[in-house]
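Below, chain A partners chain B and then partners chain C, in two separate complexes.
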Partner chain A sequence: MNMIARRTFLQTSALAAVAAAIGARGASAQEPLGIALVLPSPLGDVGWSHTLAAGLDPVKAAYGDAVKITLLENIAEGPDADRIMNKAVADGNKVLIAGSFGYQNGAMQIAKRDPSVTVLHASGFMVAPNFSPFAAKYFQGTYLLGMAAAALSKTGKLGSVSAFAIPELITSVNAFTLGAQAVNPDVEVSVVWVNTWFDPAKEQEAAKALIAQGCDVIFSNAQDTPSVIAACEEAGVYAFNLNSSMKSYAPTRYLGCVATDWSPFFKASVDAHLAGNFVGANAFLGVADQVVEVVDWSPDIPADIMARITETEAKIADGSFTPFTGPITKADDSEGVAAGASMGDAEIVAMDWHVKGVVTPLPQ
Partner chain B sequence: MTLRLVRREKASTRMAVLAPLLALLAAMVLNLLLFLAMGKDPAAVFHAMLLEPFSSWAGFSEVLLKMGPLLLIAQGLAIGFRAKVFNIGAEGQFILGAIFASAIPVYFPQATGAWIWPAMLVLGALGGALWAVVPAFWRVRLNANEILVTLMMSLIAIQVLNYLLLGPWKDPMGFNFPQSVMFQYDAMIPILLPGTRVNVSLLIALFSALLAWAYMQRSFGGYQFLVGGLAPKAATYAGFSEARAIWLSLLIGGFAAGLAGAAEVAGPIGQLQRSISTGYGYAAIIVAYLGGLHPVGIVASSLFMAALYIGGDNAMVSADLPVAAVRVFQGTLLVCYLAAVTFVRFRLDFGASVEGGRV
Partner chain C sequence: MSGMSFILAGMLAAATPFLLAALGELVVERAGVLNLGLEGIMALGAVVAFIVVYHGGGHPAAFAVAALAGCALSLVFGFLALGVRANQVAAGLAVGILGQGLSSLIGNSYESLTVTGLAKWAVPGLADLPVVGGLFVQDIVVWLSLLATAAIWGMFRFSKLGLILRAVGENPQAARAIGYRVIAIRYGAVAFGGAMAGLAGAYASTVYTPLWADGMIAGRGWIALALVVFGTWLTGRIFFGALLFGAVSLASLVAQTEGWAVPSQLLSSLPYIVTIIVLGIITSNKRLLKVNGVASLGEPFGP
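The block that comes next holds the complex of A and B.
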């Protein structure tokens, strides 16, 4: 993660002179622009909240004292979050980043009431002129890690400890499965839905259950703690996760990380807010946007597979390949995507079925 | 030499008044060091935590909003606590109340009429009471400890909530996220103070305080409870039924917590979701004891706790304080208060221990 932050820092600081000039004109005579980031879990060293907060570092670096960033961590979804977001806006913050799906209704009310506030909302589906939902195309990275997983698995059984059965996470599991099938068509993927973003004990139990069933590569899907990764290292099976690298928790068995770097999106949004031309839109960001990148690849991945992964990664980046390209069969044996066709963003963000190969049925 | 706490023969009235202020001062001094070490501006923190909840109407209305469920649940629990029936499961009863209340808007999302929200409150209260029937029955008939059963029933309640939200009650348009539909207008409790989120349920909570006062301080039924709690054997000789006290304690506690749960989903939340309670059921236990288990004391303590919560949120937003430091401040304030109150009623005795003496 540090490496990514540094990379984007260099990128953005190159732009900083220009941006600061624009920003300074808007803000020099006034108060600094208040940016409030509301986070659902404690601001740890790894995970979702950490990555969101890190995404604001380049904004701070570019604008310096012209912005004031307030981090509000561990805020429960519901009335408390609504109050805290309202308070943040009442205190003069003009850019509100609502870092969890469950903040949607409260954040949307604020956006509607006060057009001068720009709201960025994680993982949602509502859009307004001053309200952009944002999400990462994790599936682009999990597809690549699926390829690596299938190459390293001896049992042909892969597992995932996943938070909630929402489309964003379902697509990650599906792409992981499709990537694995590209290397070994017979792999099976089992999923445990733990229904929590942050519960170390529960996540660890789920990981152990999957390992006991013979899964020897585990995908920690949207878990904000390193407990799955640590449990896998202990059991000697490979594991990977999303958002920020947890390699230090699994020095020998870390497969890689589908890292997210929100700074290009945050930076562009703040720039647009200051320039007065922010337009709310669905921001579905991936490898091409430099938001998603796989880092910390395991050295154990065979060279021929790694070469295929790198090739696929390049195709995903230039848009010539998407993991959800037909023919894809659903887990219930009906047709998911016809041969030759591929799913568009609108279909992907609403995906509510598993591909064939995922053996755990979706919770109903 | 042993150190003992000895009850004072007469607690000083002056100290009783001064104690909370001294506790506040002690907590501020302790945390002043912490804030300085963290490089935060202590004045900004104290202003945000202690003054802002009261300095603006918008801020104070949020205190009142937070106070409502705490007050309601604590009043219900205190009645049982005085009879030494320990209902630790208000959290679960709160959740069941929210679930029962949500049944109406979930199954009749198009229904209109002024009857909807009152019906939801009634249904919620019944749901909470129903959840308390299990521990009451087990305690009376099987002599199962109600502390354990109520606590474990809360864990079951969370699973029931999860099941409903992940399955039958999931919003079909909600992208598979575990939450119900947004409630229609008539399923929301009317706002009491225009421009704020405070709704009519605050009046219900205050009315419950009045009822609790009348019942516990002025009625024979309440007297039976007290005797049962203070001297169980005497109560039995006097013919007061222990079973009745247990049933009533748990049902009243469950009823109040269920009502609070209903008011929460039909109030500031407006839908059934996973995080409907941020620990109101457990916080209310603290509120009940801070208020000395007395209906009037609980009104004050629920206001105090609510202000403490809102102040903590303010400190995060306005004074840039991390959540952990906020919890430390809230914790030290509570500990200092409890210590101060203890020393008003007790004194430290450095004397030699009395043979066979008991503290």
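The block that comes next holds the complex of A and C.
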């Protein structure tokens, strides 16, 4: 106990010393702009954290030595993350990118305390003048992959291994289902909510359970490891995932990837920060913003379907089509979206119901 | 394939990491030592085994290296708990955290890579049975861990070694008085437990889910620890406990694909709820605790 107290004391005093040094140095100009990226998982070759880190490469390329990027990986949400973000800002970083929903409160406190810091926060909802939440319109991509999935499925049963039943993930599953129905109206989608962000063994078992039920295309929804993709390749069923391509794990059965490229958003935010005109706003970015793009399309997709997909993608990009356009019926047969109407961003980010065609009931 | 046959086919493999680690811990606890570092030892075993398989060393070598690594890390715990008689709970937690840290350090450049698992071996005849057939198609490690369960059961029930281990755990003073080297025997038990936890980790990262990702043990070491208590320190009950945990973890997935009217969150937490209930029952029943519990568990012993 004694040791712990002592260590905490040492850390605190070290922090205080650093803070004092920064305060004294603050007057001098022309320091490189410090950008700190805090990541919830280890920085692998694929997955969410990898995508965020890769989004900073063009910033580095554009500014060179004028920016200094610090990556802080595998930071658990909670008090530890707050401490590390505070330390990053005390060390002189002026742009803080908080890469996980759970960093929201800590990051917001930093933004409120220090208006000279610009905070970008992944998938949150809070906004402040120097605080922008950002999220990707994955649903635009999963709709397109749903079309491909329905075309390739022999059983008419599709599956999804999904982390938690939260609106962002529900939306992706719904759009996937709607896209599939656009090709084959009778398609059924089963979802397994594994109720964990990270358990490769459980994710793989979930994929196998879906395959055992006859699902022959699997959507790996928000899984950071290739567990699901690798299991699907082994079982000979098609699979796709979000964020970064996992084609190397499923050379023959990879359907495609709803890739996210954060660099346009990061670059624009850093530009605005340096110009002194950054304004915090909700950044919900998609195909039109060049943040979401489907890559590594499977060569097995029939040419006529691929043509339809390309056409739909163009319509999504120019705004003439959105996946959530009525009439959409909910899984409980009530009306979701009226004919002719379409859902706005605010409704989409709060979606808590399944569309008809998703056969698994939503956990309450 | 129906949901039931899916659970039957998968539960043995799902149970194997729990079973191997829990069997090792059973021997450790029977000898009167409480090693809470299982999670970290499993993680270390998992990463070293993965690296060996990834570089083409093959599964037998990978399991051997994982057992050695687990053994080595548990001996660090052994030195703290037995050599310098540190508090066993604190020493175990510290070694567990050390193991997890080491595993993410060693595995850093292997993050999210995959390897090929092991082929399954079917029992001729039985594998073709309807519904239960899948139960008889398993990889070699599953079959070997069933043998290990039987061996440890037999060791405690019939062998002199089993009696010595129990004597050391029940009353180390008496065991020492009749000439047994209590500390040496406990070191041996701790090393064995570490090796088993290493094997459990190796199974998780190279056979069950053949990939490495930091944190992939995801609490299985803690479940293995709970299983030892759940099974009231009896081999047979630990075996059935591990099977139950494996089956329930699969059932929580199948429930959703089959559309059972049970909330998935409830099923996901069922193993933990059952453990708490069993813990409640055995600790409230003094007689049960006395009959099966280990009298000197967690108490430092020295001359």
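Here is the rule we go by: the second predicted complex is superposed on the first by the 335 of 364 C-alpha atoms of A that agree within 3 Å, B and C clash if a C-alpha of one lies under 4 Å from a C-alpha of the other, contacts with A are read in each partner's own complex, and residues count from 1 in each chain.
Everything that follows uses one rule, which is that a residue touches a chain if its C-beta (ideal position, glycine included) is under 8 Å from a C-beta of that chain, and two chains touch if they have at least 3 such contacts.
If you're wondering where the values come from, they're calculated on a predicted model, not measured in any experiment.
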Next item on the list: Could you classify chain B and chain C on chain A, in the superposed arrangement, as clash or fit?
Entry: clash
Next item on the list: Check the residue A:80 against both partner chains and state whether it touches chain B (first), chain C (second), both, or neither.
Entry: first
Note to self: Under the stated touch criterion, which partner chain does A:102 make contact with: chain B (first), chain C (second), both, or neither?
What the structure shows: first
Notebook entry, point to check: Given the touch rule stated above, what does A:57 touch, chain B (first), chain C (second), both, or neither?
Noted result: neither
Next item on the list: Report for A:195: first if it touches chain B alone, second if chain C alone, otherwise both or neither.
Entry: both
Next item on the list: Scan A:90 for contacts with chain B and chain C and give back first, second, both or neither.
Entry: first
Next item on the list: Return first, second, both or neither, reflecting whether A:166 touches chain B, chain C, both chains, or no partner chain.
Entry: first
Note to self: Which partner chains sit in contact with A:359 here, chain B, chain C, both or neither? Use first/second/both/neither.
What the structure shows: second
Notebook entry, point to check: Between chain B (first) and chain C (second), which, if any, makes contact with A:43: first, second, both or neither?
Noted result: both
Check: Which parts of chain A are touched by chain B and by chain C alike?
Finding: 42-43, 74, 195, 363-364
Checklist line | Of all residues in chain C, those that touch chain A in their complex | finding: 1, 3, 6, 10, 14, 104, 108, 111-114, 204, 208-211, 213-216, 218, 220, 249-250, 253-254, 256-259, 261, 263-265, 268
Check: chain C touches which residues of chain A in the complex?
Finding: 41-47, 74, 159, 190-196, 198-202, 204-206, 208-210, 212-213, 215, 224-227, 230, 249, 359-361, 363-364
Item checked: Contacting residues of chain B [partner chain A, same complex] -> 58, 62, 65, 162, 166-167, 175-179, 182, 197, 264, 268-271, 273-276, 278, 310, 313-314, 316-318, 320, 322-324
Item checked: Residues of chain A touching chain B in the complex -> 36, 42-43, 70-74, 76-80, 82-84, 87-88, 90-91, 101-102, 105, 125, 164-167, 170, 195, 350, 352, 363-364
